[in-house]
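Once you scroll down, you'll see the structures, which are given as structure tokens.
Two complexes follow with chain A in common, the first pairing it with chain B and the second with chain C.
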Partner chain A sequence: MNESKFTIEHHSIGDIKCLKIQGYLDAHTAPQLESAIGNLVQEGKHKIIVNFSELDYISSAGLGVFMVYIEDVRELGGDIKLSEMKPKVFTVFDLLGFPMLFEIVENNHAAIAKFSN
Partner chain B sequence: MSSELVNDKIRNNFTLFYLAAFIALALKIILDAIFVLADRAPASFGLISSSILAISFVSGILIGRFGQVSTSIDRHRAGNAGSLILDGGGRILTITLVGLLGGILLMLIFSQSSSQDPSGMFESVIMNLVGAAFHYIAIETILFIYFALYIRRHEKTKKFCKILAVGILVIYILDLLGKLAQEANNPLAGISAFVLCIMLLLTIGRTKWIALLTKQEKKKLVWQSALGFFIFTFFSVDCFTDHITQLPKSIDFFLYGSSSIVGVAMMFSAVYSARLFFPALVALPTASAVDRRNSEVSSLTHLNRIIAETIDFDMLIENLTQRSLEVSRATSAWCELYSPTGERSIASLKYINKEQIDWLYSFAAFESLVSKSTGTNLIESFEEYEELAPLASYQKPIARSLIVVPLYEGLSKIGALIVLNTQSFGFENDDMNVLSSFGDNISVALKNARLIRESISHERIQHEIQVARQIQNKLLPQKIPVISGYDIAPYSLPATEVGGDYYDVITLQDGKIAIFMGDVSGKGVPAAFYMAELKGVVLALAQEVRGARDFLCKINATMFGNIEKQTYITLSCVVIEPDSPKISLARAGHMPFLVKQHGGVSVVTPRGLGIGLAKSEVFDTLLEEYFLDLSVGDACFLFTDGLSERQNSQDKDFGYEPILDILRSPSAESAQMIIKEVMKAVEYHAGSFPQHDDMTCLAFIYRGKGVDNSKRNLDHFEESLMIKPEYDSQTS
Partner chain C sequence: MVAILNSHNNQISATGSTAELEKIREFVGAQALLFGFEEIDAFQIALAVDEACSNLIRHSYHNDNNRQFVVKIEQNNGELIIQVMDNGDSFNPMSVPEPDMEEYFKKFKRGGLGVQIMRKVMDKIEYLPAQTSTALNILSLTKRLA
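Let's look at the complex of A and B:
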């Protein structure tokens, strides 16, 4: 219903790539994000932050996207860190147990700090 | 059927008239022969009876033919007057020519006497036959002109036809009177005939149909009308003047004084021929251009009809190629289509084969010519282009000139029509124009065909999804086992799309009952497949698990690595024991349990990951199991996010709170009641806002040891499975 209302902004912070996602992440828009992360991984960028500050909604299919590359990225010494989630979005991640699998941080600075450790 | 019967009847009546006519003719021939044999001039009564027989013959033929012609006029539309007149005229011409030559020949051989009357019986028979034949010819010509005029069906024309008939009769009577009065020259008949001819000329006003004839037909009309003019003129002059041939003698012998009538008929025909000759001659030089325009128009019309009707893409392309060849001066043509990746495929070809096309494309110049044409492109001669010249240098080249018509769908070029001519300057500009308009039309057609094809495939997919949904519904429990001490009610309301909601009530090896509520991530057919897989895994494990946590761990161990990385399943499991208040709960990433216990309600969220997200070591370590001790009347509510995330028009989720309120209220006395209240509340919340996700939920209540709810439950089960509750209509 809100398929057009999903956008991804790319930023670089040193060797860290930040994807700022906005709008609705559901079964229709999930492939966009999947290919965006896939491209970064192919380019050899393994330190990825996904910023959720402007994400309004995430569906089960949207959550699945983060599972696709996490293993590959970690094997290569990188990670996908999730930052600045709205409470409602966090609840969805939390119910599924994602905080036990991913580092979910308050903001990009925290994520960068974690990468540099 | 009835109209055929009527036609048959009419045809039979015509046959009767002909029969009567021929009997009259036979009688007349015999009668005249007898008079000649008796070697004396027939007495007046003999002459009269002979004349009556002749008139009977003429009338019979006239009425019979008139009837036939009238019915055929009714059947024909005025639109194709041209070809009808042409065909009819040709026939009349042939008959007249044969009659004329045959008659002259017969009269030359058999009639030596110069007197009006036959010298022998044999001559009398011949003269009668020839006379009858010419009356027939006269009738045919008159009727033909009548037909040619009448096809317009104007009031004026009808009036003239009547005048024509009366006029002919008047001429005959005048002529007859003149002859009876032994006047050598009777000007009256001639003058009347002349007047009628002028009228005829004026009446044949519309000759527009000549313009619509093809070049071939026009040529035919020119020589037909020219020949007709000479023959008819000769014959009418013969009849009116001092008889050049012996023919009028026979005509007069057959019916006294009738040569003038036949003459008038011939004069009419001559006038009519002359009237047609000039427009036909004038139209001749422009005929091929008109033909061409006509064929373009009809090709475009035809193509447009095909475009409107055809859903068969291949047939459309085939037709396009064929029509292009017909309408242009091409010697060969093909149509190629490009795939989204730019590969070329030949969709249809005429008078050229694939090897020849490949050969053409082996020239880079040709390749770039076709690929770079953005609009219709005419190459008049390959020899004028240095790069293309080699193509034309062969003894028998495939092409020396060509037209490329790119085919578009929207803005993207999806193919090209290429027509070739083996001659240099084989095409003209109007070939290019008409093919260009073909290109425009076909673009519309291609779009239509694609839309139709897509809608058909969409329909098929819809049907398959329907089947998938039916199968999926079969995977949900058709019957809930009766559990002593517990009251259980499930409810599932599917959305339009196939989803991955799952619930189940399974009896384990040790007699305990496992209640599942789950949801496969994503939607559609993949989700439905994983749900089916989950059901299989659950059934397979049912005989070896102990407890809710164990069950979920084993499901994850089985499924992790066997499903796609981005797919996971959230699943809650409650294990209960008949007649026991002790229950255990575990949650693999699913929605929390809503529990009413000891007078209070709570959201119970044991820790746990979704199934398929992590390997056993991680998953098992993180999965918690809660043990609860229920009191009589305590309840538990399981659901999928389709329920809690059911939105209304203000994008507000339904949430858990309304459900907790219902659990809290005293009205929640049975599992069925809880379900009903929850569904009522969610309907009230969402209003008419469309439902995007399956909504599935299940409630159970502990009734106390030994309380059998089987009877009560059975009343509700059938209606509770997949069926919308009956209070639907009240809440909106």
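Let's look at the complex of A and C:
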């Protein structure tokens, strides 16, 4: 697996976990994100922000990762909020109506504020 | 302006590995830009081809990187036609029914969205199954230059 094409940085903001993803999220790299979010959920972390500011590409394999965990984290009172998406990446979410299910916000501050409400 | 694609550089071969998807997207995206599509359209055309190839690699080639397939680009009357040619078992992606996305989200379903992306992005999708054991299946994805 070519790690340089997709990387994940982990940050904590209080009880909120932020994953900053970079590069290309496709069928090749999606398992890395699935495993990262899966580890957080297993650790009992249910408030998750995924920051897309440095993500240049996503395919349905990437979209699928969010479908895997969204029900579980919401049942536990958390959420996966998606922030700072580039317009071209947003078009992929929008093509299939994903903004219906996921909260997509301008930046991490907005995501944190949504968790506080 | 519609550029004439170089007929010698209008196809690439790839193996049954998802590591190949990036080079396929780069190839298709560059050819779509050269053909005259806007950047966002070229991005989405490359996405549709990625979805077709991802399905092929996973479901037909079972991630076997000893298997090969070809992505070929043709043009016809203001249309860009991308053909994905493989020697796996025939499977027409258009036989997959269109999902009801409201239902999909309500039930937190997973998978099966690649074909839907192909439908949303491309103007025409045709599938020609191999007629003999030595022939290739051909999936043609067509997008008209507006």
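The rule we apply is simple: the second predicted complex is superposed on the first by the 113 of 117 C-alpha atoms of A that agree within 3 Å, B and C clash if a C-alpha of one lies under 4 Å from a C-alpha of the other, contacts with A are read in each partner's own complex, and residues count from 1 in each chain.
Basically, a contact is a pair of C-beta atoms (placed from the backbone, for glycine too) under 8 Å apart; a residue touches a chain by one contact, two chains touch by 3 or more.
From a predicted model like this one, the values you see are computed outputs, not experimental measurements.
Participant: By the touch definition at the top of the document, which applies to A:Tyr24: first (chain B), second (chain C), both, or neither?
Facilitator: After superposition on chain A, A:Tyr24 lies in contact with chain C alone.
Participant: Please indicate which partner A:Val68 is in contact with in the superposed arrangement: first for chain B, second for chain C, both, or neither.
Facilitator: It touches chain B and chain C both.
Participant: Touching A:Thr91, do we find chain B (first), chain C (second), both, or neither?
Facilitator: second
Participant: Going by the contact rule set out at the top, does A:Met100 touch chain B (first), chain C (second), both, or neither?
Facilitator: Touch status of A:Met100: both partners.
Participant: In the overlaid three-chain picture, which partner chain does A:Lys5 touch, first (chain B) or second (chain C), both, or neither?
Facilitator: So A:Lys5 only meets chain C here.
Participant: Comparing chain B against chain C, which has contacts with more of the residues in chain A?
Facilitator: C
Participant: Pick one for A:Ser60: touches chain B only (first), chain C only (second), both, or neither.
Facilitator: Both: A:Ser60 reaches chain B and chain C.
Participant: After superposition on the shared chain, which partner residues are touched by A:Glu34: those of chain B (first), chain C (second), both, or neither?
Facilitator: In the superposition, A:Glu34 contacts chain B only.
Participant: Once the two structures are fitted together, what part of chain A is touched by chain B and by chain C alike?
Facilitator: 1, 27, 60-61, 63-64, 67-68, 71, 95-97, 100-101
Participant: Show me the residue ranges of chain C that touch chain A in the complex, using the header's touch definition.
Facilitator: Residues 18-19, 21-22, 25, 39-40, 43-44, 47, 50-51, 54, 57-58, 101-102, 105, 108-111, 113-114, 116-117, 120-121.
Participant: Across the complex, what residues on chain A touch chain C?
Facilitator: On the chain A side, the touching residues are 1-2, 5, 24, 26-28, 57, 59-61, 63-64, 67-68, 70-71, 87-88, 91-92, 95-97, 100-101.
Participant: Mind listing the chain B positions that touch chain A in their complex?
Facilitator: Contacts found on chain B: 519-524, 565-568, 570, 589-592, 605, 607-610, 613-614, 618, 622, 641, 692.
Participant: What residues on chain A touch chain B, complex-wise?
Facilitator: Those residues of chain A that touch chain B are 1, 27, 30, 34, 60-61, 63-65, 67-68, 71, 95-97, 100-101.
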